[in-house]
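The two complexes that follow have subunit A in common; it is paired with subunit B in the first and with subunit C in the second.
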Partner chain A sequence: MESFILPLRDLVTIAPAIILLVWSAAILIGLVFVRSGRLHRAAPFCFALIGLALAGVAYFQLAGIFDSLPHPEGVHYTFNQMYSLDGLTLFFQGIFLAAGFLVVLISPRFLDEENATSPEYYALILLSVAGMMLLAGAADLITLYICLEFMAISVYILVGYLKAQSRATEASLKYFILGAFSSALILFGMSLVFALTGTTNLEAIHGALKTVGDGGQPLLVLALILFLAGLGFKIAAVPFHMWCPDAYEGAPTPITAFISVAPKAAGFAIFIRLFMFLFQPLTAEYVSLVGLLSIVTMTVGNVLAVRQTNVKRLLAYSSISHAGYLLMGLMVREFLGLQAIGVYLVGYLFMNLGAFAVITFMRRERIGGEDIEDFSGLIHAHPVIAAAMAVFLLSLAGIPPTIGFIAKYWVFGAVIKAYVATMDRLFLYVAVAGALNAVVALFYYFRIVKRMFMGDAVTRPPLALGLPARIALGLTLAGTLLLGLYPDPAIRFAGWIHMTFIGFY
Partner chain B sequence: MNGPIPYLWLIPLLPLAGFAINGLYGLITQRVRERKPNRYLVATLACGLVLAAFVLGLAACYELAQLPAEERSVEQLVFHWIQGGDVATTGYGAGAVAPGTVPFQVEWAILLDPLSAVMLLVVTGVGLLIHVFAIGYMWADTGFYRFFSYMNLFMFAMLVLVLGNNYLMMFLGWEGVGFCSYALIGFYFHKQSAGDAGKKAFVVNRVGDYGFIVGVLLLFATFGTFNYGRLAGLVKDLPAEAHFGILSAITLLFFIGACGKSAQIPLYVWLPDAMEGPTPVSALIHAATMVTAGVYMVTRSNFLFTRAPVSLELVGFVGVTTALAAALMALFQRDIKRVLAYSTVSQLGYMFAALGAAAFAAGIMHLMTHAFFKALLFLGAGSIIHALHHEQDLQHMGNLRRHMPLTFATMLMAYLAICGIFPFSGFFSKDEILWRSFASGHYVFYGIGLAAAGLTAFYMTRLMVLTFFSTERITPEAKHHLHESPAVMTVPLVVLAVLSVVGGWIGLPAWLGANTFEHWLEPVFRYAIRPEAPHFSHGFEFAMAMGSVAVAAIGIGLAYLVYQRRGVVPDQEMTWGRLWQALYHKFYIDELYDALIIRPCKGLGNLLAAFDLSVIDGFVNGTAAATRGSATVSGWFDKYVVDGLVNLQAWIVQNVSGVLRRLQTGVAPNYALAIVLGIVILSCLYIFR
Partner chain C sequence: METLIFWSLSGLIVLFALLVISAKNPVHSAIFLVGTLLFMAGLYILLDAEFIVGVQVIVYVGGITVLYLFVISLIVLKRIPLESTLNRQWPAAVIAGLAVMVEVAFFLLKGDLFFQVFEKKKMIYGTGETAAIGRALYGPYVFPFEIATVLLLLAIIGAVLMSRKPERDQTPES
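The block that comes next holds the complex of A and B.
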């Protein structure tokens, strides 16, 4: 059978992920030989950056080719329809690489502060990024599941990386057990789909489902609900969010930043691909279920965030509510909704990573830097960092001229437009709930801003940012502000998502 | 970048960079590192970037002039600024412009045509000179960097205003200059009056801005575009509106905006107060550039205004009325800057009078010459104020020509220009306006304009005599420091003086040569509807011009007699009774506004408060009495029933929150249970739908 011979073209399409895999192996093996001194601390970090940079080069090559295609629309299969390199894949791969890069930049000082060894840490980040990159392009239920686990297991370990801390191990274990549970739900859903169609290939399923009569509909709805639950876990949608605050609090802060962005984006990548391929016949059920999930998610996330005093936990709940906003975009299965998700994710990448980066910097000597009191009067000691944090929080709250505003604008625009087109009241309710929640969110974000700007200055040891941290702060700040002023690149990049599905609706 | 002039996009960005760099540098140095920012660095950067913008502007205008006349409209798309969803438009007339749905899209694009070229050069050129002057004027001020970063921000906003190719960019610039004006009027924010003046300017401008933005949105709702070129294309075949139609409404709303920004009746009241700002600010923002934005806007919208005769007549009427009223108010002001402020209002009135007679080129030409001589007058006043240690009262000046010869000589040029003496620049531009008013049949406008010209000559002569001639009334302490200003301040004065003399020679009247300025601007007005002007002989036009010079000479002569020959000083004017009272107090307009608008607003607030106090509180008090009566009963009730209910509520909240907290216990199986419950609920929703 000729399909056993992999053409080089196919391998090229996953080149960035291959580079990351090889490189993480190199980090692990290579650093067996370097066991002491400064080199031992600095080398893995540098290696990880180089690996990500190489993967980035490969990625940009692929993206450049994609961008110059005369017809980039549609799905471009490789590996016998197991994988696809299309607009959706490339968009999310870009997000994952950027997230990995920024998280690596903010990591070294934190690890020094915690006195943790680092080769495995960076190798795991690279591995999980590789897993996500493959996941984004998975075009078969089997590939999809394997990549999902590949990513998730790396992340479970990262959450418990500081194994001397009991709250870290506890968080990791909880995350792992519940993650396994949610994986089982996804598998269950997949098996139902397989039972209905007899294939695991998404393209084939898409075709076969058109011929499934009303008899198969209940099963398909059950599969939809199981996917919603399983993937809802990955993106921390209520009521599948319970692991989220614990894991966020227990994980090392850079990893918190990482899991608040990358796996969530990965969840949405699968969400979009699965729902576009699988659940075409269920539009009405789909809209009502996702819409409901969206309202509950943002409301519960916000209400619980109001009382938090631990900033990491607060941002955990805030990230839950952001998942609710992202679900708003998912609810609109038109191209505008997909593009809105893209714009939101780009914005979320910068503003959320930026906010977590600042929390990471706050950790020093005996100060945890996680309590809201630790931010008191920060403007006096570190005006630039405080101002940057204020920008990130304003952006998270959705205030112009930041990318957070543009993101919310797109999501709301998509929902309102869907309402005008379909006159389905649910869209309106979701939009109203979103607007009300945006007000609630302002309150708790501004509590931090108020503490920083109006709280009493307390003498504390100064923050020492290294060069990488400064770069990360600069990049996230620039992304948050510049894209807020000139969102065109983000919007065009997000347009790649819906390019994949032209002709689907 | 694209287009025949590739560097256009850079021009507004240069001052913006100056704002960002100077602002950040100054802020960090002064606030964080607690050191003084390097003033040489700040000044070099601020002026250097404006100079760069000016040089680029010159080059761009040169390239523009090389193009054939009909192609002199260069647009450069920089990026797509706003991309929104579809908007339904109403269309115009009976199918003349069809209704439809258009996407709400706005470009960030630069438009360079003869009109914006003139504005570009005036803004960057005069702006550059004033920046240089300000180095000397502001040198000792602790807010040196703050001043220059605001000034650069202003330059950016003003350039966006004049270089944008659509009304939304114009509005952005419009708001931007408004903000900078507010920030700079209140520059000495520790002074109560400066803060109040800033607020007043902002609030009054808000009224106008509101009109403008409503007009812009109405325009979009009607035609579906903000772009000047596309709008002109849409309306070019339409006739003028016979009655008050949608175009009249749009242009009227625009004109409300222009009244606010350009200080016309009834929204002029903020400009005299704006003199609280540093003098270079008065020169740049409140004389030469920002206040002319309204004139630019009306001129830019010529294809709309000429199709709305009602609005255009109103523009002319408000213009001449303002010209006359402000000239009257300027007559007996004592503060040197206030005289100039009212004079600015009056001169802006002239410009609007020109626009009202559809003589757009004449209006823009007066805008330009006025920018030269009024900037010079303000800078000269600044030089005097600087020399006299912030003395602004004309009572305490006099005979300064001996102490400040250069300031005197340069201000003299500006004085002759504003009075309209041949062959200074003001003569050509002002006379062109009067002539056009007359030629287009607006005889009343012409008459009022002529009277205002006489008044202008009078109050300017009064100002010059009281400062440079007359008797020396300088306070001893000011006299001690009296000095001519340094070169950094006098060189801009000299340059502006040269411009004040020769600036008008590019637009000569027909009896003297060709009006190249009008010819240059002509392509901008190709879609305007202009009546055919009746033909008059050159001799008649010449006679009219001499007539206006004669009126100016009468004004000068009168003022000379009163203030130089009879040696009247401001303190003596007070005895002149009612007339003086009314003029000095500006016809009590501020007091009138206070009584008619501000007090009623405050009154309404007080009324509501009083209602709160008497009715609601009375009701409350009444209830209190009743409550006292039943206190014993309720005491018992309270103790057993109410307390019980409150405690019950607290008990419920406590328990619910306990339950909610328990949901997040950290026990993993519970979390899994929540997931399962979620699935069950979702399934039930489907089943029992």
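The block that comes next holds the complex of A and C.
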């Protein structure tokens, strides 16, 4: 009889997530002692920042160790092969931590405007970041599913946080029901894969599938479709995007910023891990399905974005189309494709969070700050904020010298190279569709820019940004511009994703 | 002996299932559902799956049906007209039900030709199914098990947050 195994030594590998859990617990316990007053508002914010900073320190330690390993490639198991601290894990954990940090920085002003209490809000942000960090490293179907729910449930709650507003409750409920449905689809797909291979470990499944003959093919195709549909919901790809604009519009704006970046990136993290390990035998089906999904997603997202007048909704549709571009990278299951996804996600993190941060700042007194008219003539009253917003929008459109251009360049490069290598026409069609869509996207991004720079100046109550908000704006702006001029760190960082899969084909 | 028990249990399940959908009073439906679920637990006993029997009784009979009853008694029953069970949807429902039945029967008989499923492995965690599940949970699967505990905590926080009355200063009357 074997002894019970609680591998305490392995806890080091999830240290950042544990730190986040501890600090979110500290925030919740502090709630009991401090019930009102200034401290009630300020303390949770400070605790969240400290927690994220400490988790960041732990993360950099782990990343440093990983970077100096003689053989960083492959999966590095801990916890009885339930978790893996590899390149893919570390890349995505960095994205989640950065997103959590920036979102916490832009939150206090918004919560004050909405007159909402904050302790649970920050605790939930820390919890969801912790959930996503564990999700990125899940090396087993069971861990993967539980972490997925972990992340999703905290986000459902955050979307409905301002429950005095009916649209927030509606958004939360919609997101919850469709999210639960998509989780069920993923679970069904997992059960089919388990029926085929008899194991839940991803690497073992990959090995077992090599010996599955034609008899297993139909079941595997079914599982592929179920996974695509379930994960399509999570990343808001097109036939499964219905929840997205409503959830984005109804959520508190900092949370909109958060869900447009972090859970989407988490969706791609499991997308990459699952589809690299599980569906190698189905390359033809995989490429055609993901390619079609990509074309439909970016086209529909862009076309629907053109008519929007609510900026949050507009950016919701724009984020759908960005998911399409990310799927382009996912079509190419090699070094270049994975690296392109990485570069795109780094860019998307800065530019999308920056754009949503500006929308968050626009909320003041009786002004919602969400309508496109609220941006009219912004350049006269607040030139810096208007210029920053213009930079973010240009970057989202993919204009140099911003990181958005580098991201698009890398994605297109990966697809074109795959076309040259395989002569599969689908890669070419996807690239053409992507290029055409970039033109459509320019139109609606520039509508906001035009309103800001050429619209009539309207007298409105002035914006008063606090120090955290300034820091967040500065960081996102610096990320968007500096990485656009010198993208080397982002490209190198993105290369980590592929480390997991070296020596694996 | 086993076949006799099997067929009698199956007959009772079908009978009670029919009663669930034909009863006009929703409370009666829920009680018949309890019967269906209990007899299904009996089928699991025949399969030596004692853990699933326990879960079936605790979760389905003890939890979910009682929840149904709570909901039914929370909405005042007299306001709901006792509806005829044969409404406009029934032809569609019959077709869908038949389709599912044909599917299940087809794959039960011919499934081997279409799907290749891995060979069953022997239990490696000792005898007794419940003990095996416990050993697996606290052995190799301790990591997801611990995350699940945090997940439950999170769900509690969410439920409290969503059901709490808004504080007075939080909703300024305008």
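Throughout what follows, the second predicted complex is superposed on the first by the 497 of 505 C-alpha atoms of A that agree within 3 Å, B and C clash if a C-alpha of one lies under 4 Å from a C-alpha of the other, contacts with A are read in each partner's own complex, and residues count from 1 in each chain.
The rule we apply is simple: contacts are C-beta pairs under 8 Å (C-beta built on N, C-alpha and C of every residue); 3 or more make two chains touch, one makes a residue touch a chain.
Quantities reported herein were computed from a predicted structural model and do not represent experimental measurements.
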Partner chain(s) touched by A:86 [first = subunit B, second = subunit C, both, neither]: neither
Contacts of A:383 with subunit B and subunit C, given as first, second, both or neither: first
In the superposition, subunit B vs subunit C on subunit A residues touched: C
First (subunit B), second (subunit C), both or neither touched by A:374: neither
First (subunit B), second (subunit C), both or neither touched by A:417: first
First, second, both or neither for A:249, with subunit B first and subunit C second: neither
Contacts of A:113 with subunit B and subunit C, given as first, second, both or neither: neither
First (subunit B), second (subunit C), both or neither touched by A:28: second
Touched partner set for A:486, first subunit B, second subunit C, both or neither: first
Footprint of subunit B on subunit A - complex, ascending: 170, 173-174, 177-178, 181-182, 185, 221-222, 225-226, 228-229, 232-233, 238-240, 242-243, 245-246, 285, 288-289, 292-293, 304, 383-384, 413, 417, 486, 488, 491
Residue numbers on subunit A that touch subunit C, as the complex places them: 1-2, 4-6, 21, 28, 79-83, 115-117, 120, 123-124, 127, 134, 140, 142-143, 146-147, 149-150, 153-154, 156-157, 160-161, 163-164, 195-198, 208, 212-213, 215-216, 218-219
Of subunit C, residues touching subunit A in the complex: 114-121, 126, 138-144, 147-148, 150-151, 154-155, 157-158, 161-162, 166-167, 169-172
Subunit A partner contacts - residues on subunit B that touch it in the complex: 31-32, 79-80, 83-85, 663-664, 666, 668, 670-672, 674-675, 677-679, 681-683, 685-686
